[in-house]
Every structure is written in structure tokens, then in C-alpha cells.
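One chain, chain A, links the two complexes that follow: it is found with chain B in the first and with chain C in the second.
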Partner chain A sequence: MKFDINTLGIVLALLGAVLAALMAGIGSAIAVGMGGQAAAGVVTEDPGKFGKVLILQLLPGTQGIYGLLIAFITLTQIGVIGGGGAEVTFAKGLLYFAACLPMAIVGYYSAVSQAKASVGSIGVVAKRPEQFGKAMLFPIMVETYAIFALLISILAITGVGNLNI
Partner chain B sequence: MTEQQYTYAVARIRSKELSLLSKSDIEQLMNCKSEKECLRLLTDKGWGKSEDENAEQLLNAEHEKTWELMHELVEDMSVFHTFLIGNDFHNLKAAIKQVYMDSEITDIYISHGTIKPELIYRAVKEHEFSQLPPHLSACAEEAYQIQLHTGDSQLCDIILDKVALETIYQEGKASGNELLSLYAELKVASSDIKIALRSVKTGKDKNFIERALAECESLDIRKLTVAALGGEEEICNYLSTTDYADAVSALKESPSAFERWCDNLIIKHIRPQKSNPFTISPLAAYILARENEIKTVRILLSGKRNDISDDSIRERLREMYV
Partner chain C sequence: MAVLQMQRIFLCALKKERKQILELLQRRGVIEIEDMDNTDNVFQKMDVSVAKNGFEKTISVARDAVSILDTYVPEKKSMLASLNGRHEVSTDVYDDFFDKHDDTLRIAHRIIALSKEIAEQKGEILKLDTQVEMLTPWITFDIPMNFSGTRYTKAFIGTLPDLWTMDAIYERLADFTPLNVDIVSATKDQTCIFVLSPKDKADAVYDVLRGMEFTHPSSTFNKAPAEQLEILKDRIKKANEAINKAKDEIISYADKKEDLLFLQDYDTMRAEKYEVIGHVLQSKNVFVLQGYIPKRDALKVSEELSAKFLVSVELEDPSEDDEVPVLLDNIGFSKPLEGVVAAYSPPGKGEVDPTMVMSLFYYLLFGLMLSDVGYGGIITLACAILLIKFKDTMETSNKGSLKMFLYCGISTMFWGAMFGSYFSDIVTVIAETYFGRTVVIEPLWFTPMSQPMRMLAFSLVFGIIHLFAGIGMKFYQLILIKDYKSILYDVVTWFVLLISAIIVLLSMDMIKNIFSLNINMPTGLVNGASITALLASLGIILTGGRASKNPVKRILKGIFELYGISGYLSDVLSYSRLLALGLATGVIGMVINQMAGMAGGGPLGPVIFLIIFVVGHTVNLGINALGAYVHTNRLQYVEFFGKFYEGGGREFKPFSVKTKYYKFKEKMKNEV
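== the complex of A and B ==
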């Protein structure tokens, strides 16, 4: 029986989807964990700051959601979810895989970096709760790059779906 | 040791820093008319454990609170050996003196060393120095023999003080932490300068100075020894060629001004830790800030107790961390 390389197409596409969900998810889990440790430290001393530190803790959790979204779109496009059974050639599978990488890689690193900014901002809230608005902006700046990666991954995945290769 | 390990601890320290005394709090204490009024103000700020404490009890309670907090925050206290090891040497000196005098004296030991004072006392009393950790055992035996055979307490202290400085230095450098390493460097260098100055004032010879000075990177102790033999001016001349050139004006002012300069230098170096959210450094900085705060309050209370003029007290007050 002759091996058809095109059977690997769907494998690559699925691998891309899994990586996006996995890496962004791991990044967010680490990040929210770090934020949680810092938030717990502040709440131990001053329970009144719970609401503010909780928001800062949750900010780096968005990458996990973005990863999930990219995985969901990819799985839908390749017919793993919702059926349809669109044919995924090797080239197309490779393109899907590449399209998922921005969210996978940027998702992981931006979550971990955002966690560091969040922990710093939790320190600001611990000392100056009235500066919460400003403190929140620092981790939000990191979010920009996760959104860029999300955007490019979505555009690439939908674009690949329309290609006739 | 990963930086995440201290995320919770540093966040708690950030909240704790809010209760550190600021410059305006010290000013408020200065405006109090008596020691009693100062104590009342400190109690209102949450100092001490009960209301009817005297100054020393209040300060001891604050010292205890700092270390209790660290025990709560840090699982492995060996990270603070750079700070704690000095207490072992103090306890060793106290134990040798107590055994030599063959008397029962209480309250001469410091808590929060790396080993229990009772163990040190027992080792000295039974002459079983092998019970002690390696950094204490060799010098303990030598110091004990000198104390026993010559009765020279100063020589005994010098031997232990030098090993204490060397051990603090090694611990600081081996910690792999920039702040602890810097603290060890400044501690040894400032102690060396103080030893050199005292040696000049008491007319000590070269042998004594060499025996007392401990090696560090920022000072050449051979040059410092030569300078100390030449007098105070020579020490100032030598220091102006080192990182401690700023100390010269303080040295010329008075010994207490130099002590204040040393403490302020440490505070200046630890201040950046107020914005560091990770690592053990903010915790180490908090300990040093608390020690500095307690020292400043002790000076202030003692000044008020003895009716010393406000100007004289102010001369001795340290800069605050916050």
C-alpha cells in the first residue's frame, strides 16, 4: 500500500490546534498562579483589597481563552468539530499548523510576562490602592501582543481555509 | 531557588512596609516631650505586645515580630544565615564569658541565631566543641583557651569577631543573592574601618590590627593596616582612594556620625528593593529596614530618657527605608 503524504495534513492541523490551546493554557495557568500567590499575600494583610487584586490576578488568564478560541476555529475548519470532512492536504495542514503558532508561542510568553507585570501591580495596590487604575494598565500593555497574535492566527486560519491547495 | 517561591512573601512584605516608620513618624516621636509619651505613640502605632512595656521590652517585641514573620514566610531560614550567623558568635562570646566567670547570668543570649544558645553554652561548658557547627567549633576552642589561660577577654573577642566577619562574608557571597552579597561586603568593610579607627585611638600595634581585620573586596586590609599605624589622617587618606571616600567627612565629624553613615549607606542600597516584586531581596531589605528602625527608635528613646538635647539626638538618627 502506497503511503499518501496528504493523510498527514489533518494531523499537522490538529497538532497546531492542540499546541495553541496547550501552550497558551499552560502560560495562563502559570501566570494566574503567580498572580494568585501575590494576591493571597496582600489579602492576608488586608482582606479589603480582595476585589482589586483579583482583577490583576485574572488579567493573564486571557491567553488561555485565546488559545482555546484558536483551537476551536482550527478544529471547525478542518472538520474535526461540526463535521463537513473538508479535505486537508499536507500543504494545507502545514499552513494550519503555522497559523496556530503565533497564538501558541506568543500566548505562552505573553502570559508569563504579563504575570510578572501583574505581580508588580499587585505590589502597587498593596501600598497605594488608590492607584489601582494606573497599576492595571501595566499588565494590560502586555495583553496587546497576545491580541496581535490572536488576530494574526485567526486571519491566517480563515485565510488558509479559503485556499485551494 | 526560583523567584516565584517568594511571590506570596514579597506581596505580604509590600503590605507590611506600610507600617514601617517614615521620616514624619520619627519627627512625631522627636516632638514628644518624654520617653513615656514616645512609648505611648509607638504603642498606638502597633508596636510592642502589650501596653505596659518598657522601652527594651517594646523593642525586643518588635525584633521578635520581624523574625516570627520571616519564619512564617520562608520555609528554609538558611537563606538568612548572612544575618543570623552574627548572633551565634555573640552567643558564643557570652557562653565563654559565662563559663569563665562560672556564674549564672540571664538575658545575655540573642535569639534567632542559626543554632540554639543552649547548645553553644553546653558545648563550651563541657568543652565539647565538636558539638558546634564547623564555622564555630575551631574558633570557639581557640577563644576559650585564650580566655581560660590569659583572661584576656579582648583577645578572645577579637578572634571571634574576625571569624564572625569572615563567616558573614562567605555566607553573603555564597548566597548568590546580590543584596546579601552587598550587605556582607558593606558589613565587613565598615567593621574594618571601625576596627582601624579604634586601634588608632587605643594605640594598638600592627600584630593586633592584622589579627582583627577581615578580608573583603572593597578594602585592601594591608593598606588599611599601614594607614591605621600612621594615624586617623592616614586612614582618611586611604579611604578617599576607595569606594568609601564619602565616609571621610563623617569620620572627621565624629565616630557616631560614621556609624550613622554606615547604616544610611545600607539603607541607600536596599531602597531599590521597594519596587522589586520577586526574589528574597525585598525580604532581606525589610529585615534590614526593621533593624534600622528599631536602632533609630532605641537611640531616640534613650536620648529622651536621658534628657539629651534634640539636636544631639537628631545627629544620630538614621535615614528611614520608606
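== the complex of A and C ==
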């Protein structure tokens, strides 16, 4: 049987989807864990701050969701979910793979960095709970880049679907 | 929509009326009292630290007592009880509590002492229990444990590790007969023995026993074990009785809980009052206080004071140098967002209150990011129900947050309908799974999921509008302080530059392709825009650094100022999160619906469907509502406020009733 390189297309695309979910998910898991440790410390001293520190803990959890989103969109596009869909050629598969990379890589690193900002902000809330509004802003600054990555990944994946190669 | 105008208030009154006057001011809660530092021979400040410490101690004692009471007499509280707010009582209750104060404090101390007693007795029982445990293997032994021998014999009472038989022990001690060995009890861990040997061989016997790792019991007493056990059990019983008695006494104070809570509030108020007394100047017969009061309350309060007491009240407008505290006043749907502004920073000197303009965008942004009719409906409904149910009792701050989310929910429903999202695509999934039909609710506008570029374009346009509103606010602020130069240099130039830049960008093929736009700018307009853009840039370079005298520095600073255009670019791109977060909500909702739909028909299908639907959408709603909330705040704080607002004002902190459990209704009988 002759080897058809185009059969690898879907493999690459799936690899990209899985990578986005994996790396962003791992990043968020680490990040939310870090936040949780700091938050637990604050709650030991003052259980009344639970609501505030919980929000700060959850902030770096969004990257995992974005990763899931990218994975899902890719899986739908290549027909792994929902069936149907056009044939994924080798080139197309590679394009899908590349399109998933921003979310995978930026997702991981932004989650971990955001967790560091979150932990710092939890410290702010511990000492000065009235400054919660400002404390919330620091982790959000980091998240911007995860959102940009998400955007590029979404646009690229939907764009690749419309390409004719 | 404004920062309330403040007035300075000076009050001079008789010292004998101090208590009544301060209590009235505290209940009105409209004056922020300032520290006065011009003391002299006549006017002195009182040292209130001792009194304040006393109150704080009372508060902490009462708090401890309440928490002890709560452990013994748990009170059933529903999840929503905290929305009920403080209990309202008449001011008479406050006045009457003075007589009850010391008794209540005594009860608080008593409760704490009882709880200490319980802890001590519990420790005692623990100690006795270990003794009982140690004694149990000796229970059949009828000689006192501290028996050491007779005139000619020596007794060894103790334990050997592991299990020993009589023969094995005699074998070891064979050289020292005659002697007597009794095994009191034996388990596989230890063997309790009693050895009686002649006195002259005692030392040698002891050496051998020691070789067998013989140990004496850890405590000895002059009673036989069985007898001793009885004594111990008796003591445990007594300790238990003492615990129960103390518990009963604590429980008997359950009806005093309200007094204890009131005690905390009472002394919190008194501590606050003494704090104020520490700030006012006092002579032998009069006292003087000064502070800030909102202008709208000033007259009413001064009239009330003059009518009731012998006072002199003076009001005057604050001077330029005064650091006037800031109190915001907004109406309707803007009011709940005052907290959002305060969380950033109250407006500083010469700044306007941004709440009103911000609120227009706030709800729209939140709705755009969540954009789902189902989710918006849930939020709206939940807030509405709570607002109605706790209408009369809820604290203002809770009411504000609930109202804010109510409006956010309505906006979410609106945008959800625009984008055709009802729990994402639940209608389609249900129709397909259970009725085998294809039903799609058409969006009122368009579906972002199928036209992401269109949504991106809309997000960026929305961002541009938001940013221009920010520049507009700056314009308004500069007009108010009549800084026309800055209007021309900092606002008009930028405005022209940005508008021209947008026109030029829209005429570029690349941009047109990206957003698949089909507009043809007239060439004249584009050329004109290019020229005005250049002129505006030149203007910024020339005027941006006008604070510097040195011309070279000035130009360099101007160029740096122009570089700020990259800031506008990133600000606008930042609004792409509207698309990203909106899509995130929708797509995750779709995943949930799809998973639920996989359960299919059959008898169990709908049940599984329902479980996945409820759990999945609850989680999705929670996470995305949080996301929408924080990112809305970010767009307001960073992108919008960045254009005109610095804050740095001081929040108005009036002398008021800051209690936790009770609030006071105004006295009716004394008032006409």
C-alpha cells in the first residue's frame, strides 16, 4: 500500500487541538493551585475575605478554558466532533497545528505569570481589603495576552477552515 | 451625577451637652470631623486612648462570648440571612441599654470563664483516662502499688516487655531462690509481675530483672489498683459533671445573646464617639469641633442643632488649599457603580465624577462579554427576587451590588438576543435530540460564532467609541477649569490625529480585506486626512513637551508624547476581548449542550440531559460572569480612565453609627 502523506493531516490537527487544551490546562492548574495556597493562608487569618481571595485565585483559571475552547473549535472543524467536515490534507493539518500554538504556549506561560500577580494581589487583599479593585487589576493585565493569543488562534483556525489547499 | 459640594462646619457648644450633641451627630452621620491641633492654655485635647482601649476590650470579650454561645447553642441561619441586614431598633433601646451594660459585660466574662473551666476539666479527664488505662492490667492485684516489701523481703512491682511465662521468669531467677513470682496479667505486649525476694538477694534479683527490661509503673499510689481505679472513675465522673454543669450554665445564657451583640454595637459606637472627642478642643465649659458636611445637609443639621441645644454653628465654603473629602451622588442606574469608582479612587481635585458616563458603558460591556439570554435571565431574576424579598431590611451596600448585577443581567439578555444565544444553542440541541427537527433561533443581529471578523470589527469600533468618550471627558474637565490651552494642545490635536488616522486606515486595502469592508473613501477625503494627521502630529510634537523650557528637550518630549499613539492602538486592540470572552461563553455552552444531547432519548436520556445541563451551565455562568465582571472593570479602569481620570481624592468618612448587628430608628416621641 502506498503511503499517503495526507492521512497525517488530521493527526497533526488533532495534535494541535490536544496541545492547546493540555498546555493551557496545565498552566491554569498550576496557577490556580498557587493562588489557592496563598488564598488559604489569608482565609486562616480572616475567613471574611473568602469571597475576594477566591476571585483572585480564579483569575488565572481562564487560560484552561480558552485552551478547551480552541481544542473544541479545532475538533469541530476537522470533524472529530460532530462528524462530517472536509478532508484534512497534510498542509491543512499543519496549519491547524500552527494555529493552535499561540493558545498552547501563551496559555501556559501567561497562566503561570498571572498566578504570580494573583498571589501578590492576594497579599494586598490580606493587608488592605479596601484596595480590592486595584489588586484585581494586576492579574488582569497579564490575562490580556492570553486573550490576544486566543483571538489569533480562533481567527487562524476559522480562517484555515476556509482555505482551499 | 456629581461630586457633592462640601462645606466646612464649625461648632461650639457647652460641654455638659457634649454627649447629646455628639450622639445626634453620630446618628445623622453627615459630618466628617477633623482633628484640631491648635491647642493652647484654654483649649486642650482630651486623651481618650484609655477609654478607647476599654471599649475595644469589652467588644472583644463580648465577641468571644457570642462565639462560645454559638458553639453550644447553634443558631440556624439560612444562606441568605446575611442579606437581611442589621436589625432595626428604636433609639430608646440604646438609651436604656446603659443600665444593662455592666450586667451584660459580667455575663460575657462569666461565659468565657465557664468555657475555660470546660477546657480545664476536659484536660483533667484526658489525664485520668491515661491513668485508668495504665491501671487496667493490674486490676486483679490486691496489694498497694507502692508496696516495697516487709522486714525481710523486698518487693518488685512492674512490667516486662513482651509475653513471659512463669517458667521463663523462674528460669532466669533460678540462682536466687527462694523467691516468689506472680504474674498479674500477661499480654503479648507486656507482662505485669510481682516478685518478692529475700532482702539480702534483692540487689542481685533487681539486676537480673533489669536485664529483662523490667520497668516500674509510671505512677504509684498507696491503694490497691482496684480501689484506686474506683477513685479515678469517681474523679472522671465529677469532672464530667462539672463540664455538664458549665455547659448548662452557658446554655442558660442563650437568651442573653442579643444583649451581647448589642453590647458590641454599643461599645463600638462609644469607641467611635471617643475617637471624635479626642479630636475636638475643650475648655472647662465648652468644646469646639470642626469638620466637613455636604452642603445639602448643612442647613438642616445646623438648624436642628440650634433648636435643641445652646450651640453656635458656622458654615463656610472650603478654601482652595483644603483637602476636601469626596462624596459622590448619582441617580438611578449609575448609583450602584459609585462603588466601582471608589474601588479605583475617588475623584481628585478638579476632576468630575465619572460614574454617570462610565455606567452607560459598564452595563453594555458586561452584557457584550456574557451575551446570553438564559444567563442574563438567571442573573436578572435572582437579583430581582432578592431585591424584592429583602426590600426593607437589606443594607445599602448589598442593595447596590444586587442592583448593579440586575442591570448587567438585563444588558446580557439584550446582547444575547442580538447574537441569538439562548443557553448557547439549547433550543437547537433539544429540537434535534428529542423531536428530530432542526430549529435555529435567528439572532436579531448576527451570530458572532459564524462571523467572528464582523464581531471583532464591532468590538474595536465599540472600543473606539469608549475611548473617544474618555477623551470627551477630558475635554469637559478642562473646560470646567478653563484650561483652554490644554484643550487645544492635549485634546483637539489628538482628536484630529485619531480621526484622520482612522480614515486613512479605512482606505487601506489591507484593512478592507481583513474586515471584508466594502467602502470606498473619496480620494480627496483620504488625502485631506493624511494632511490633517501630519499637522496634528506636528502639533503634538511641538506642544507635548511644553512643560520644559529647553527647546531640544521640549521637542524630544513632544516626540515621545506622539509615541503615545501606540498606546491608542493597544487600547483599541484590548477591546478584542469582547469577542474572545463572548465566544468563550457561547462555545463552552455549546460543548455542554452537545454533551447533554449525547445522552439521547430513552427513559434515562432526559434525566442525564437535565443533570449535565444544570451543572454545566451553572459552572459556565459562574466562570464567565466572573470573567465579564473583571474584564469590564479593566476596560473601565485602564482604557477609559486612562484617558482622563487620575483619582486620588479622599473618601468622605462621616462620624456615624458603624454597628454590626443593630441600627437605630429615629426617636419619634421627642420630635415634633
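Operating definition for what follows: the second predicted complex is superposed on the first by the 164 of 165 C-alpha atoms of A that agree within 3 Å, B and C clash if a C-alpha of one lies under 4 Å from a C-alpha of the other, contacts with A are read in each partner's own complex, and residues count from 1 in each chain.
Following the convention adopted for this analysis, a residue touches a chain if its C-beta (ideal position, glycine included) is under 8 Å from a C-beta of that chain, and two chains touch if they have at least 3 such contacts.
Nothing here was measured: the structure is a model prediction, and the numbers come from that model.
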Task: Room on chain A for both chain B and chain C (clash or fit) - done: fit
Open item on the list: Applying the document's definition of touching, compare chain B and chain C: which contacts more of chain A?
Closed with: C
- [ ] Pick one for A:Lys134: touches chain B only (first), chain C only (second), both, or neither.
- [x] second
Task: Superposed arrangement, angle subtended at the Cα centre of chain A by chain B and chain C, nearest 10 degrees - done: 50
TODO: Could you look at A:Lys116 and tell me whether it touches chain B, chain C, both or neither (first, second, both, neither)?
DONE: first
- [ ] Considering only C-alpha atoms, give the closest distance between chain B and chain C in the superposition, rounded to the nearest Å.
- [x] 6
TODO: Identify the overlap between the chain B-contacting and the chain C-contacting residues of chain A.
DONE: none
Task: Touching residues on chain A, where the partner in the complex is chain C - done: 55, 58-59, 61-62, 65-66, 68-69, 72-73, 81-82, 132-134, 136-137, 140-141, 143-144, 147-148, 150-151, 154-155, 158
Task: In the complex, chain A residues that touch chain B - done: 34, 37-42, 44-46, 116, 119-120, 122-123, 126-127
TODO: Enumerate the contact residues on chain B facing chain A in the complex.
DONE: 4, 7-18, 275, 277-278
- [ ] Sort out for me which residues of chain C touch chain A in the complex.
- [x] 340, 342-344, 452-453, 456, 573-574, 576-577, 579-581, 583-584, 587-588, 590-591, 594, 623, 626-627, 630-631, 633-634, 637-638
